[in-house]
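Structures for review follow.
Below are two complexes that have chain A in common, paired first with chain B and then with chain C.
Let's turn to the complex of A and B:
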């Protein structure tokens, strides 16, 4: 990069200066937008989470800096349960999606014939369905006295054996799997496309079985790219609201739901901000990894 | 007695992967199961929207009717929400294009100072869990008076669309041969003329796809709009929250089908333009 720049600087010094000025000018609006609507709110949320509002005897509010909001998050039984619940849901959904999407991606990459082509057509559909609609479809599908329950009934099972899926953690996980399948599959497919056919053929020539090829070539080579998908989806599930709001239990709640309740129902921006910061911290490792890997892929 | 027992062949748990017949059968089963998992919930929704009477445990409605469609389409709350959604989405798309296309061009072609740092900043919105970002934004909106306003919603929708469109346009501009533009410049065209008559036509497919996705993302955005838009600015997906919570099953089903139509239309029309890279670049509506 540096070499290219200096070489061009020798040839056309004036144009380069103008190019830099034009570059700044063209990027500036979007940078301004991101500062106002992303960076400032995030900083604001962090400072708000350290702000404590006290009420004195006269009924006036006084504000001070303190860790009280965090103490409440850590000691409140409900809020702590919400944090654990959120992480467990995110990990479970990501693990399930990863396994199913990997099978689809393998079938798309190495499979031939009508089944593979059919898979390639249907896996993408949920990408085009808004999450509110997907959640509702899953409610009608999986609810007690819903469609699946009706089929079990038609098969002669007694009423009441159908487990509680909707308004339970299972409902959240199944719907998240449904919604995230296309994205993960697309990503894994593009990662698998980067593995060359010649590498696999040469392994086969020396007598490797399909399982050995998968275990020792395909899986390790696809791991870095696959992790981008895993981190991105983890961030998505942890920061989701729609699915747990419509399909989740009342307690424990996922942080997204509890945060919005604190914000809009209890008018507690301090606790809401603290939960937002907690969500940022919970996903920090995933976020850093995602940014670094995506950066490496995009900026070459 | 001491004779060595012949070594048993190692039992391989993975023998079936190398058996083509077994593999074909398993793949067929898997494809079928996936089709049921993806398709039947959507089908149930469509059935509900045309159900006149459907008592459990019947597997299909016992009476068919268009009554719910009529009820939904004549409901002023529904038409208001549709109108609002379709006035927000184009504005979001246009503003995003106006801001993101220049940035994408600069990142792809010009010597932007601190280019790497800036590109990193553009990834930040994706790295924060969305709902945390929206709640933080709502706290700010309360203080600056943007809560429950039209522009508050537009600017919130732009968080996702801006990042997405910037990445797509950067990739699109980078894929166009820079010599074409230089040739136009050498022939005496101004930078703007060279951009609009040489680069832009070549970049148009990528820009159109990014715009379509921005439009749909805005149309379908629900959680952020619910936080900053209530009680006065109810878009279609926000109204759907209410319909679902009030347990009016057929009404919510009709509305769902209505709301899913634009996206499904795109799926059918634009499937051949949908390069996987566009999708992977950050559309993941998870």
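Let's turn to the complex of A and C:
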């Protein structure tokens, strides 16, 4: 016994050293990746956003450092409208997805019988459809004189009454909701699965109503996980391109679309970078929240 | 060398180019050192673009040219401009090294390359290439005669002939028609496709002066004229499809025409003609051109300044501009406009674009184009 202990005492520090070196080796690729593809581009975008380009009558450029791009972001009606529009779309889509996904997740968690099982199989479908295809499908489906409008008109709806959904904010929200629903539902389901049946049964035994169980047990216990899902989706919608590009209005534009236009069509990489920083700051709010939640979890 | 070059894939060609550039003007064995004064027996032709461009040269023009002249053509094709900059650098490296016989004779690429200050392309006139006399002068001026426009396309007006019996003849008539038929006209968002740009550009030309933009250097002060044009476009919005809904992309306008949502719109000549032929548009859709025309553009081929086979290169371009070859472009899969004036074209080629077989106007693009698209978004869309 004593021999074993002493042997352990000798071996242990060596093992620790080795595992430390292995740890560094394991972290190195991801650190390298982060540096090359995240840190450097972010720093570059930030420096670019402080570069101001002036143009003379003949079209020659001169460059200087300044805050003009940010001033333009704040004062230009078009750009300001784009920022507000992006936030509104993200908040609306996330709120709607959250409500629907929560109901589906509840049904999957507590529902019994064939309808819950059917729901459990079908809700995942949009996860396997690329956003480009979903967007084009939504256009043909929801356009004026499209599929839905056609059916409603056959049922007696007068021509021209069907609201403008495609090329409008409604089109973006509907498609984002449709695309994000499975992910949010999967996440909420796993959060709800963590709540043990015994907790709910014991509450029921002492006479709690379903509403009371939901209000005082299910909701508080699922809140931290659910908010992480909300954070993820918010980040996804705020930086999205395909859906707002194909289904959105001509103006205002979501930042993802506007950024691409400024970069490739208007040849204004400096304004584009400033918008990128704006997206980055908006995301940062969500990211800080996410990191704090993760930290709390680990402490727990 | 020639056999080998012909058999390699475009990918290998890119590697070859990269290798040539990396070497900083490595002497290439591509051109045989026959003096160009004597009859050229071969021709080295680099091209790029869509596969229909490749098919046109490789399957139709080159075999006919080789048969007619006995000149062997070495044709290298790089799809979609991949490596275009590499080819340019390769030509420039030979120029920088002071070589007198460059190994690429003909190069087909984006228009901007031919007029770069490096001055790598030969200025040609109808004394060198007889058929250049048939080419509309503005398209040659556009590249300072340093390349030959051999095909083109233009934005035209497409209309549903069931609903529209007398299509507008001028831009002003078109504006009147739009106001008289609210919701029945659309042009696509300018940044998403050139046919939408053309409608906006026609408005800019209405309130500014076309001559300020053709063969003139950029001047930001010209853009002062644009305010009135954008105000007019903004005022037009309530009469447009969806009270100012601008479809996305050139195909967006075609889609609205196809679904009967609109009766008229601006479209590309080649895209709409191909769609009509493929049955993707109803036969009732017809195209026409207003006067003065919407803008269009040409595709060019340039002869390098110190080409080893200058005579053969000129012969090829002259051959390409013959009405017989030009007809292949118009009636074939390309559905292109001819490089030469429509008046020299046989009638069967003209009927393919009947109503729109007219000369187009030009648009300098570049900085003007970038500003036009941004200002449209700021002043018209919002």
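Here is the rule we use: the second predicted complex is superposed on the first by the 272 of 300 C-alpha atoms of A that agree within 3 Å, B and C clash if a C-alpha of one lies under 4 Å from a C-alpha of the other, contacts with A are read in each partner's own complex, and residues count from 1 in each chain.
By definition in this document, contacts are C-beta pairs under 8 Å (C-beta built on N, C-alpha and C of every residue); 3 or more make two chains touch, one makes a residue touch a chain.
Remember, predicted model here, so these are calculated numbers, not experimental data.
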| item | value |
| --- | --- |
| A:294 touches, of chain B and chain C: first, second, both or neither? | first |
| Partner chain(s) touched by A:85 [first = chain B, second = chain C, both, neither] | neither |
| Contacts of A:265 with chain B and chain C, given as first, second, both or neither | second |
| Residue contacts on chain A - larger count, chain B or chain C | B |
| First, second, both or neither for A:98, with chain B first and chain C second | neither |
| Touching partner for A:280 - first (chain B), second (chain C), both, neither | first |
| Partner chain(s) touched by A:145 [first = chain B, second = chain C, both, neither] | both |
| Which of chain B and chain C A:246 touches, first, second, both or neither | both |
| Intersection of chain A interface sets (partners chain B, chain C) | 145, 245-246 |
| In the complex with chain B, residue positions of chain A that touch it | 5, 16, 19-20, 22-24, 26-27, 29-31, 33-34, 37-42, 44-45, 48, 100, 103-104, 107, 111, 113, 115-116, 118-119, 122-142, 145-147, 149-151, 153-154, 176, 178-183, 186-187, 189-190, 209-211, 214, 232-233, 235-242, 245-246, 255-256, 259-260, 263-264, 269, 272-273, 275-277, 279-280, 283, 287-288, 290-291, 294-295, 298-299 |
| Touching residues on chain A, where the partner in the complex is chain C | 55-59, 76-78, 81, 144-145, 164, 167, 245-246, 249-253, 261-262, 265-268 |
| Chain B to chain A touching residues, read off their complex | 12, 14, 17-18, 24, 27-28, 30-31, 34-35, 37-42, 44-45, 48, 56-59, 98-100, 102-103, 105-107, 110-113, 115-116, 118-133, 135-140, 142, 155-156, 158-159, 162, 166-167, 170-171, 191, 216, 219-220, 222-223, 226-227, 230, 237, 240-241, 244-245, 249, 252-253, 256, 259-260, 263-264, 266-267, 276-277, 279-280, 283-286 |
| Residues on chain C engaged by chain A in the complex (per definition of touch) | 189, 191, 217-221, 242, 244-248, 259-261, 367, 370-371, 373-374, 377-378, 381-382 |
